[in-house]
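Taking it in order: structure first as structure tokens, then the write-up.
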């Protein structure tokens, strides 16, 4: 268990994971549930335990659409999407580089891609 | 000139080991006004008290200072001793030289010095003590119960049983409350109506009970033992004394499209109506929002068919004033509104219902005559999903932070009843935790699982989506299996959180009782005085104090009744004499004191005064009701004029203590 | 700041009857030490403490004044200590505004169960006041002990 | 006449302050002056007059009279009287200088107020002639010539030099003690300065004010005047006029329990206060009208009645500028005088 | 303005709406106006004045006046309306017995500021295009109008009339005032500096009680400082403690009730900036318990007779600003 990592996630997410009462409404509401190896409630639970390594190595990190349905519906105000975001950021920083570089973008650019998606991608895949 | 006696207790070695008690007695003997200063082994003992009593008589003492243990320990002991020797008990002061001196200090010199100073402070204070007499205030031997649900009914019956008159004020046309709407009760599954309606009848027939139905409390004045309450009897346009409850008017009324609140709006009633067959009083009421006669003067059918001439379209609200010695609040609860929970589709899908609606759907007197049918197409549901904790245990402003307590059990009841009656129906219950503390409660829940094969799934429903084929997609997570489920349901039942009735907050203001942030009434002490409010003479019964099931409600109702009876039994109440009082000549009537008084003990009066220049003037001045004041002293500091002072802890007394300590 | 070891401050503590006074009793029952400088005045509720009493204490030679009441929400009279909190906050703010040393005044919530807290608070307060030295800014010279 | 140049004035102050306590008016704010104990380097104010009057030096706002101590159950009385040290008040104006005559009549007539006398005996009053009176000045109404200010020593300023004229033996001693700093000078310009100031006095707005309508013989008429109601209507009953007044001499005697003994002190009191002369039965003057009337009747009628026609006002004008609602003795006189 | 007020006052007297008029009376000089009650049109014509020097807050007089026979006309400046409203709220003024006309307020001139320039022998003061032309027996002097504005008007909080039956002139707005600047400056000093500042100021107090007696919030039947039974009665500022005691307790008693009318500082013969003590409380209340303006209405709960369960602890005092 990496205590520093957990503290870092607590700070960057701004979420108090101990508020979770294990109702699972986040996972129940998640549209990407089937794509994920670890589900929103597991993110919260595992971060609380400090069991972060499996999360960092899981593709689940990048399956979250950040649709905020879980944030909206969580009865305790835990905001799982922010936890996932914080874990993702940890992963990005840990590897020392961005998953996406500005230079790569023109090649990847699809005319139909909405502006919002580019911004979202930057937010997700860069420091 | 004061004649003060000082009595220094050794408390065995408890005091004497660290405080030189002889030196304390010697030092205090030189204080002004002190005529006798003695020490003794155990001042609180029989012989110690004798010593004090004899000194009072022998020296004609006008004040007594006991240097001993904490006043919280023996203040009353010594006050009683003084009283038995003919000295007013409030002329006794205690200097706490044990808990606050000998026990905390090791050095004899400094502990002795401190004991002397504490003794001097007590002497300085006792110089200014005034003899106080506990006042008495008479008790009106009649109780008011606000709310006619099971809590109110039970309280009223118990008080009436003790022989006191009691009035029930119920805002609906009938008493019965939420319990009347419930089908069966857990954990015994007996019919709610079968156990409630006899009590309703009993209440209506008890000579000591007066039921004011379709009425509200509009004003409360007075204080414990002597409340004056104004009750507003809302116009029901039917003469209660004439109506026989035959129901002919309700049959003939042409206005038949009024949503029936008793059935949670699941069917309709007429504009003139009797809420349900066993209503008490069984009297019709005309709904002025729908009655065509009242709205535009055209119709009058009910008046024509009524053989006893009970219909009175000209009736108006009436106000009656009544005096009470005690008031019991039993305003109950309501399920919260679910319109903010879009994810459960409650507002857009008729087949998503609340648990209370399900009660009506399953009730023999309900809209479907007891057959469980989907409200949308009146077909039999084959898959029913129950969702727990809807709005309960919620951190956000949509819901309530507390556990509503009753949902786990009634959901188990519903699941069981459905599986019993319709074995072909699959029932799923999504829960966060199943909470079943209570006699036979967990056994009941386990029966639902084990015997009735109800599918209990740990996890919450995330989304409810009505589909084109009339089915409902319920997306939920099974946390134990770690999978997301999609259930193709026919009906969804939401266990909505419960909240205090909306009428409770304004009522609390009228009663000057405290409420918590959720609008539940606050009990005087959460452990030791659970059925009393902090305001004397106001008692709490049922769910107005917190979520409760029926057995708990009835238990609390009887407890509140017992407390009320305890009060009503007395002919008068002895008041704490250490209360605030206002010097009317100083008071400028600014109202600051009134605003900080937690008990509503302060009122204002216009009084005529002879002014220093010999003229007379009408001035607005505060007066404190000593029966209501509890003696906190908040008003004394709010008063800029220094007109408010507190008996036993007066400004001058406290300042004398300050002076003595700082000397 | 230099601490005068011989300086024994006069500390007046106003304690509400229901919580803090009982808390003080409890620290005695548990034999928890705190300095004898502290002298307690019992009041029914912390809201009984008039700013006049606090100033009076300083006038007459107190070097520190501390008020103790029930924790907010636990007031025996339901709301007294909430008023105390506002009044005393403003008063202390005014004393601060007039340049009176901050550590001479304090308000603490001590429940009837917090005997240990009572002793700890008093130990700390006496130490703080000792560091400040005698009250000179808010004393009445006429009352100074010769 | 002996003189000192304006530039040497501070040398004179330093010299005086070597031997006695010296008080001079200094500016607290521009043109707002108050008496301060002289310390080297202080500059004397150029303002016409101090906010508080010079009576403070002889009749201070509070002073201890005696002390008692309870020891055990007996009372020990401590006599705290002691001989005052010599002091000099410099720069007193003619109006304030005249006020001592009025205060003396009260405090030095039998029974003599020993506290006051002690201070009078040890205080030297050095006055300063006025050259630039203000619109609120009306000392001439009471026969005061502000260009000849009186006191133990009168000082005149001609724009360059200060000239000294001793009026009393105490004043003579004072001048002698500093004579080595003084030189003989030509006082010819002084007469012109004085004449100029007298001419200004005649032009002042209040120059026409007269005491003709007042005095002891008009007691009942003025007491019963129906003007008092209107005049006192806006009075808030504060003590500002009284406390800035150089002639008000009322005081209260109180005991203060210090915790270690009692200090008996006296402090100024004001007849405008609702608790003035409050006795066991209550207050003798219950309405603000009566209290207001008392103050002015005392100055204009009662005092002259008992003191050979001398009025209890010196026309310094302090109450005119300090009254919160601008009600003052001039307005009272104008309302009551014979038209 | 004066003409409009006189005209309206006479009309209201004539039609019987009121039987008295509260206004200001001319004095001996241009500047010494006195609050006065007028009963006839003749008196008004002869003596009524409203000019740059009519500063006095008249609301306190209305306590007594509103208890007399008949109705009185009060001409209230915006700042006076706050005091008036607060007194109505505290049941001191009987609102029904007062007919309120809102009149435009300052900025008013403080004659002391003119005199501080060394100008003396003043016979007349004229305001000509924001330049004061001061006629004296020593000749004519001029100074900019703004340099003579009274302290209370320099930091005016509002030009809005919070209560009136009718208005003469336009109603204004609540201003974004700089009134807390000096309080803030003091807060940023060290404790020693603050102590020295206040010693310098308060040591001048002569306990004339002008601040208290003029204060519209000080309306006790008998002030605790005059009442021997209170245990803290004082007649003199006998030493530094009593100066402090008087002014702290007075500020505390009016806390949450002070409308910041500035009269206390205006009337102080020793020019002690007493309003800073009151403003300190107002500022604290605003910061700690939410914006509150005493007198702005007659219904809201005053901050010291109210509370929130999540109010800050007194330790905030010890944790902010300089020590």
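For clarity, chains are labelled A, B, C, D and E in written order, and residue numbers in each chain start from 1.
Just so it is clear, contacts are C-beta pairs under 8 Å (C-beta built on N, C-alpha and C of every residue); 3 or more make two chains touch, one makes a residue touch a chain.
This is a predicted model, so every value here is computed, not measured.
Colleague: Please identify each chain that touches chain B as well as chain D.
Modeller: Both chain B and chain D are touched by C, E, going by the contact rule given at the top.
Colleague: Find the chain most remote from chain C, comparing centres computed as mean CA coordinates.
Modeller: So the chain farthest away from chain C turns out to be A.
Colleague: Select the chain at the greatest separation from chain D, using centres from the mean of Cα atoms.
Modeller: A
Colleague: Comparing the two chain pairs, does B-C have more C-beta contacts than A-B, or is it the other way round?
Modeller: Spelling it out, more C-beta pairs touch across B-C than across the other pair.
Colleague: Averaging only over C-alpha atoms, locate the centres of chain A and chain D and give their separation in whole Å.
Modeller: 84
Colleague: Could you put a whole-Å number on the gap between the CA centroids of chain B and chain E?
Modeller: Each chain reduced to its C-alpha mean, chain B and chain E end up 47 Å apart.
Colleague: Between chain A and chain C, what distance separates the C-alpha centroids? Give it in angstrom.
Modeller: One centre to the other, that is 51 Å.
Colleague: Of all residues in chain E, which are in touch with two or more distinct other chains?
Modeller: In chain E, residues 222, 224, 230-232, 238, 304-306, 309 touch at least two other chains, as defined above.
Colleague: Chain D: which residues touch two or more other chains?
Modeller: Chain D, residues with two or more chain partners: 256, 259-260, 274.
Colleague: Give me the residue numbers in chain A that touch at least two other chains, ranges are fine.
Modeller: Residues of chain A never touch two or more of the other chains.
Colleague: Considering every pair of chains, which are in touch?
Modeller: A-B, B-C, B-D, B-E, C-D, C-E, D-E
Colleague: Considering the complex alone, what residue numbers of chain E touch chain C?
Modeller: Touch residues, chain E against chain C: 183, 186-187, 191-199, 224, 230-232, 238-242, 244-245, 248-249, 251-252, 255, 277, 280-281, 284-285, 288-289, 303-309, 311-318, 323.
Colleague: Which residues of chain B touch chain E once you look at their complex with the stated criterion?
Modeller: 517, 585-592, 595-596, 604, 617, 619-620, 638, 640-643, 651-652, 655
Colleague: What part of chain E is in contact with chain B in the complex they form?
Modeller: Interface residues on chain E, with respect to chain B: 67, 90-92, 219-224, 227, 229-232, 253-254, 301-302, 304-306, 309.
Colleague: What does chain D use to touch chain C in their complex?
Modeller: For this pair, the touching residues of chain D are 256, 258-260, 263.
Colleague: Where on chain B does chain A make contact in their complex?
Modeller: 343, 389, 393-396, 399, 432-433, 458-463, 475-479, 482, 484
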